[in-house]
Amino acid sequence: MQINEHKPLIVAFCCNWCSYAGADLAGNNRLNYPADVKIIRVPCSCRVNPMFVLRAFQRGADGVIICGCHPGDCHYTSGNYYTRRRMAALFSMLDFLGIEKERTRVEWVSAAEGAKFAATMNDFVEKVTALGENKRLEDLRCKK
Amino acid sequence: MQKITQNQLIDKAVSLLADGTVSAVLGWSKGEFGYDVTPKMFKTEKELRQDFVWNDFCGANFSKYLVSKTDRFDGKILVFLKPCDTYSFNQLLTEHRFDREKVYAVGIPCDGMVDVSKLKAVTGEGISEIKETSENILVSTIYEDKAIAVSFKDVLLERCINCKSKKHVAYDELMGDEGEIIDSARFDEVAKIEAMTPDERFAFWQNELSRCIRCNACRDACPACTCEKCVFDNPASGVENKAPANSFEEKMFHIIRAYHVAGRCTDCGECSRVCPQNIPLHLLNRKFIKDINEFYGEYQAGAEVGSRAPLVDYTTEDLEPGEVFDRRDIDA
Amino acid sequence: MQRVGVFVCWCGSNIAGTVDVQAVSDALKNEPGVVFSTNYQYMCSQAGQDMIKDAVKEHNLTGIVVCSCSPRMHEATFRKTAAAAGLNPYMVEIANIREQCSWVHKDIQTGTEKAIILGKAAVAKVNLNTPLTPGESPVTKRALVIGGGIAGIQTALDIADAGFPVDIVEKKPTIGGKMAQLDKTFPTLDCAACILTPKMVDVAQNENIRIFSYSEVSEIKGFVGNFDVTIKKNARYVKEDICTGCGACVEKCPMKKVPNEFNLGMDNRSAIYIPFAQAVPKVATIDPSACNMLKNGKCGLCSKVCAAGAIDYTQKDEYIQEKYGAIVVATGFNPISMDKFDEFAYNQSKDVITSLEFERLTNAAGPTAGHLERPSDGKSPKTIVFVQCVGSRCDACAEKGKEYCSKICCMYTAKHAMLVRDKYPDTDVYVFYIDVRTPGKNFDEFYRRAVEEYGVKYVKGMVGKVTPEGDKLKVQASDLIENKQLHIDADLVVLAAAIEPDKSARPLATMLTASMDTNDFFTEAHPKLRPVESPTAGVFLSGACQGPKDIPETVSQAGAAASKVIGLLAKDKLTGNPCVAHSNELMCNGCSSCERVCPYGAITYEDKEFRMPDRTTKIRRVAVVNPAVCQGCGACTVACPSGAMDLNGFASNQIMAEVDAICK
Amino acid sequence: MNNKYLREELIRESGVNPKKCMKCGKCSATCPAYDEMEYHPHQFVSMVESGDIQPLLQSESLYKCLSCFACIERCPRGVEPAKLVEAVRLAAIRKQGENRMTANDVAEFLDEDVPQQLIVSAFRKYSK
Amino acid sequence: MKVSYFPGCTLKNKAKDLDLYAYKSAEALGVTLEEIENWQCCGGVFTTARDEVATKLSSVRALKEAFSKEQPLVTVCSACHNVIKQTNHAVQNDKEFSDKVNRYMGEDGGYFGEAEVYHYLEMLRDLVGFDALKEKVVNPLKGKKIAAYYGCLLLRPGSVMKMDDPENPSIMEDFIKALGAQPVVYAKRNECCGGYVSVESPDLAKKSSNQVVQNAKMQGAEMIITACPLCKYNLLKNGADIPVVYFTELLAEALGVKEDTDEQ
């Protein structure tokens, strides 16, 4: 049987101060990761509304990852602590509904962790690719 | 059958009206049939004597009505609160949703309320008359000659079977004896679903949620859903939709509905009670409550006024979103 | 509909090497709103910027998308370009096709495809951009310094020197703080009083400085440039402006058995007292818990002897309201309690003392007039054991002690040991240490002198147990270098107790919405680059409230905090960041969720009257964001259940438009 | 003997993390049996950490520790040296034929006042 | 009030006084000590090694029985108290250990550290109350200068035993005060007597014991009280020249129940 070469679509929300800068550093150091990852810049990971995550899945994303400063290092002192609770609750609920838990992730990447950013993205894309297309949380109206 | 009687409540309401403590009473009023009790504002003794009812069908939680009733009414309103209603009452106070000064709350005991759909499942449609005895409910229908006796216990609402508290957490005055907080088995059903495989869970919810007709009754009855403008009615929110377009919409609606009340939901069970499709919506809310209790420590919304809901709170040692799954894998 | 111009940068070959820039600018031409699209070698160059300016004019552009390097690199540049072309600078969006595309993807086809998608997302976003204007707020040109120790004194003097009025709030009856209790200072051994008291006098005489002694801050409202502060002036039962500080009342007061806190309870004072001779303000204070007149109306002697008529037994606490532009926290430190370390027998023997108590014992103005005498029997000690790191550097899990190094103990212990050997050469002095930490100018030299010139016996090891027996303190300790256990019969044991922030700091931090670490030290806005500012705008940190510090460090930080305050007060208006949250009052429930997650206290509530469709009105509680305080994190936008709260520059519909564009 | 394995075994068994030690020597300062010991509490910690365990296994010091827990109580870093001493002692006496005390030895110290507690404690400490 | 009671091996043999006076005094204070059925020796010392399971089972059995009767478990002997309390703590906090224990026990229902363990002194302080005790005293021991000897087992590790401040305890001093006597505070009261090492190194035990007695005497003590049979043995064997008695004996004396005990 031939393995279906599905190219996943990954939406990555990155906070401006740590993770977006970490992604820039990955670029500066020419650390490759799949082009499937598309980054959206937000001021802080706590700006990410669960509705944005669902929206991404609705529009055809196969995985959503949220990156922020390490706990304790938030530029706004406490934003990522709220992210941590919100996403823990949301991810657990998605899992409860039978959505594959590997499709969602929160990762803390500092501005100095270009290598971690690239490694995280490589790993996440690999896991999502293995799952194949997002069928359980798709909106057929939005499909090409 | 309720230990406290309809007449006791009417007498209480009449005397509070008479002595000027309150100028209106928010209560249950007779519907067309014995079981379709509806909320109503009573202003006179006559109205009360004529229409006020208190029976096994008075499940409606009146806390939410206070939001709209108090800011349109100058006097003080009497409201009767069952134990579970008092939690919603407190939660709304925490969120500054009504003026406590304008309300006179009387706590009343509750022996559990009847699930009309369970009752109809036994008796069939066409109910013409309902009589309550201490153990049974005698139902006459237009199709049967003889009244059918149904055991009260067999037709209780799910939320009453798993009642979490007979204790009132808010009132100005209490009628009857105070009860206690109950260590109920309300999370068992959630745990059962958690124990399923992802495929089974997906199938379970696909089946349940596909029945949704987007009537919005769950939202409209929910005492935590008191937004001035609901996101589902707001074209700018990005999630507005009025019909159950497809399976994504169903899931989206119910996830967001439950998420919006996560940490604020008192587990009053109104969503499931009013659902015309009998979708066990309370399970979604309970999943959030169970998670919050496990992740961040026991929290009961509405147990006290002014408490900080878990999702607008944090500690530096909280678990990581990825650990949510590890935990369960270990437990399983 | 916007009229969007797209400008794709080659960045030499940095972008053009792996992205087909022509294909990108061509593809984006067809996006909604795009009326012009081009590409150029270096968009950030003068020529590139001119190209943008010309295009704005030529095509009446209302929005600009630059596909180039990271916005962290040149967003500011292109915003200025837009402004120069007459556009609102916030009508610019950057698609990061260098760091997050051309540099990380090798294949030109995938790189180009992704660059197009990133460009589409930026176009989708800019279509929803709105012109933003930073808010302005006025600055009250007055500073408040909380705490009147050396940190607060130095900060206040520096601010006052720059010509701005400053108020010092000090909870004790006098300013001076811990430094006033010290004897000599390391590493120069000049006397603390000799260098501190002239500064205290300067404070008293400076026209720009007001001192609120015996006072506390009870409420803080407002925000940077506009703080409203309530100061509670505790009743001292003496009219401050009339009292001459002559001390006649102190002498005549019959109640003389009150433990003297200035000498850490090692001697007594009277119920009416002046803490020490050089107190500022030099005014008497009646201790209401000890005064017979105040307790049961019997006495009144001080009133009779006061020639100035300054005594007022009916005085009440007074509340003063004042406005400030900046607040400096200088609440200082205290030694921790020794209660949990009784293996050293602090609670079992008077002759086991802390280092601060030792300072008072050797101070000429102290309880023994500077003669080193044992507290128990007044004998002069012949063997003294100093123990370092008592309660410092403890395991985080232990229920006692602090995790951090208290920093000052190594040096003051060397000083104490040296002074003892200098004045009483026949005394045996042991110092038990784990590490001797002396990073400071002339610090290690100082410590070496204690060992080499003064013969202080430094022992690498720790004391395990102190047993008071008869009139001796049996000290059991380890000597790790010689690998043996020592048993020393000591006459005096001095514990270098860890230091901790003053207890008043925690409630103050809550009032200020300033953040603290787990040890209750104030957190700085950035540990390296903004060390004297709190993350809360307009709040500055001076001295040990931010972390353990010695005097030279405290004074330099005090000066740094003052210069930051001067920089703020010198402005007439403050310009904010326009990317702040705002609440749609029609949708707001007033539920307080947003307020609870705001790290800056930027959200308040007001009751607002709304006209209803049926022509009635109703009053509703709604959230109001103070744009001068909001830093734009967006935590509130997600906490808000109704979606009433949104964020300028990163609005929900903008982010969702980006999501849609990416997922198309 | 594989020291790395033994070191990990001792650490797991005792629950002690020797890396937390800051080498202040307070454990040895507080130890009542110090003078009877060849290796002192702080040395147990550093020698286990460095894998230098054989000398400890053969040392009489193992049987001098009173298990009075003073070092555990007073260690500023929560290292708990006595638990490590106990783990090393068990490693020694659990070896075949390494019981230090047998029932025959009891008679030697038995006098009419010896409490049962002493006998059972001694067995726990000296035998497997 | 009824409590479960774990006497321990020594109390049934060499330290019968400790046991007998504990019973008598409890009775006088209105507390019934219900002896755990078929209790077994605690083992004398708590082995800190995490894989030592079998040696701790007797403690778990006693704890489980007390819990099933919904009673606090009261001990008198310091060693039993230390072993049982530490075992309970290990069951509560070391999951691996509690799993193993429950596998060994293999009976119906597991035990997870639910029982509460009180030393007799804690029972007096927290359940009876020293004020209530004071009222029951019929022979106040006026003027007696008594030194409390805690030893190591009652207090350490402080984070587990939680009886009192491990470095400056006061429970026994408060107890002495309640009986009308005058407590003598001395620093060596929480240092070791030499313990079981007296078997092998009598000199070490002698040195340790002597330091304790010496320190108590220098601070003015006329008598030493203890809760531990081994402490008492070591102090006396090594030549204490002031009386060393069990605290329960002193208690019985003050409560006026010592005489009729002696008559029996």
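To keep things simple, chains are lettered A, B, C, D and E as they appear, and every chain counts its residues starting from 1.
Going forward, a contact is a pair of C-beta atoms (placed from the backbone, for glycine too) under 8 Å apart; a residue touches a chain by one contact, two chains touch by 3 or more.
From a predicted model like this one, the values you see are computed outputs, not experimental measurements.
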Shared chain contacts [subunit D and subunit E, defined touch]: C
Pair with more cross-chain C-beta pairs in contact, given C-D and A-B: A-B
Far-end chain from subunit A, centres as C-alpha averages: E
Intercentroid distance (Cα basis), subunit E paired with subunit C, Å: 50
Computed distance of Cα centres, subunit B from subunit A, in Å: 36
Distance between chain centroids, defined by C-alpha means - subunit A, subunit E (Å): 59
Touching two or more other chains - residue numbers and ranges from subunit C: 343, 465, 597, 639, 652, 656
Multi-partner residues of subunit B (each touching 2 or more other chains): 231, 237-238, 311-313, 316
Residue numbers of subunit E (touch at least two other chains): 167, 191
Inter-chain touch pairs (all): A-B, A-C, B-C, C-D, C-E, D-E
Subunit D to subunit E touching residues, read off their complex: 12-15, 32-33, 36, 63-64, 66-70, 72-73, 80, 82-83, 86-87, 90, 101, 109, 113-126
Complex interface listing, subunit E residues touching subunit C: 159, 165, 167-168, 185-188, 191, 214-215, 218-219
Residues of subunit C touching subunit E in the complex: 339-343, 345, 347-348, 399, 465-470
Residues of subunit C touching subunit B in the complex: 518, 586-593, 596-597, 605, 616, 618-621, 639, 641-644, 652-653, 656
Sites on subunit C touched by subunit A in the complex: 70-72, 96, 98-101, 103-107, 110-111, 113-114, 117-118, 121, 515, 523, 535, 579, 597, 599, 631-635, 637-639, 647, 649-650, 652, 655-656, 658-660, 662-664
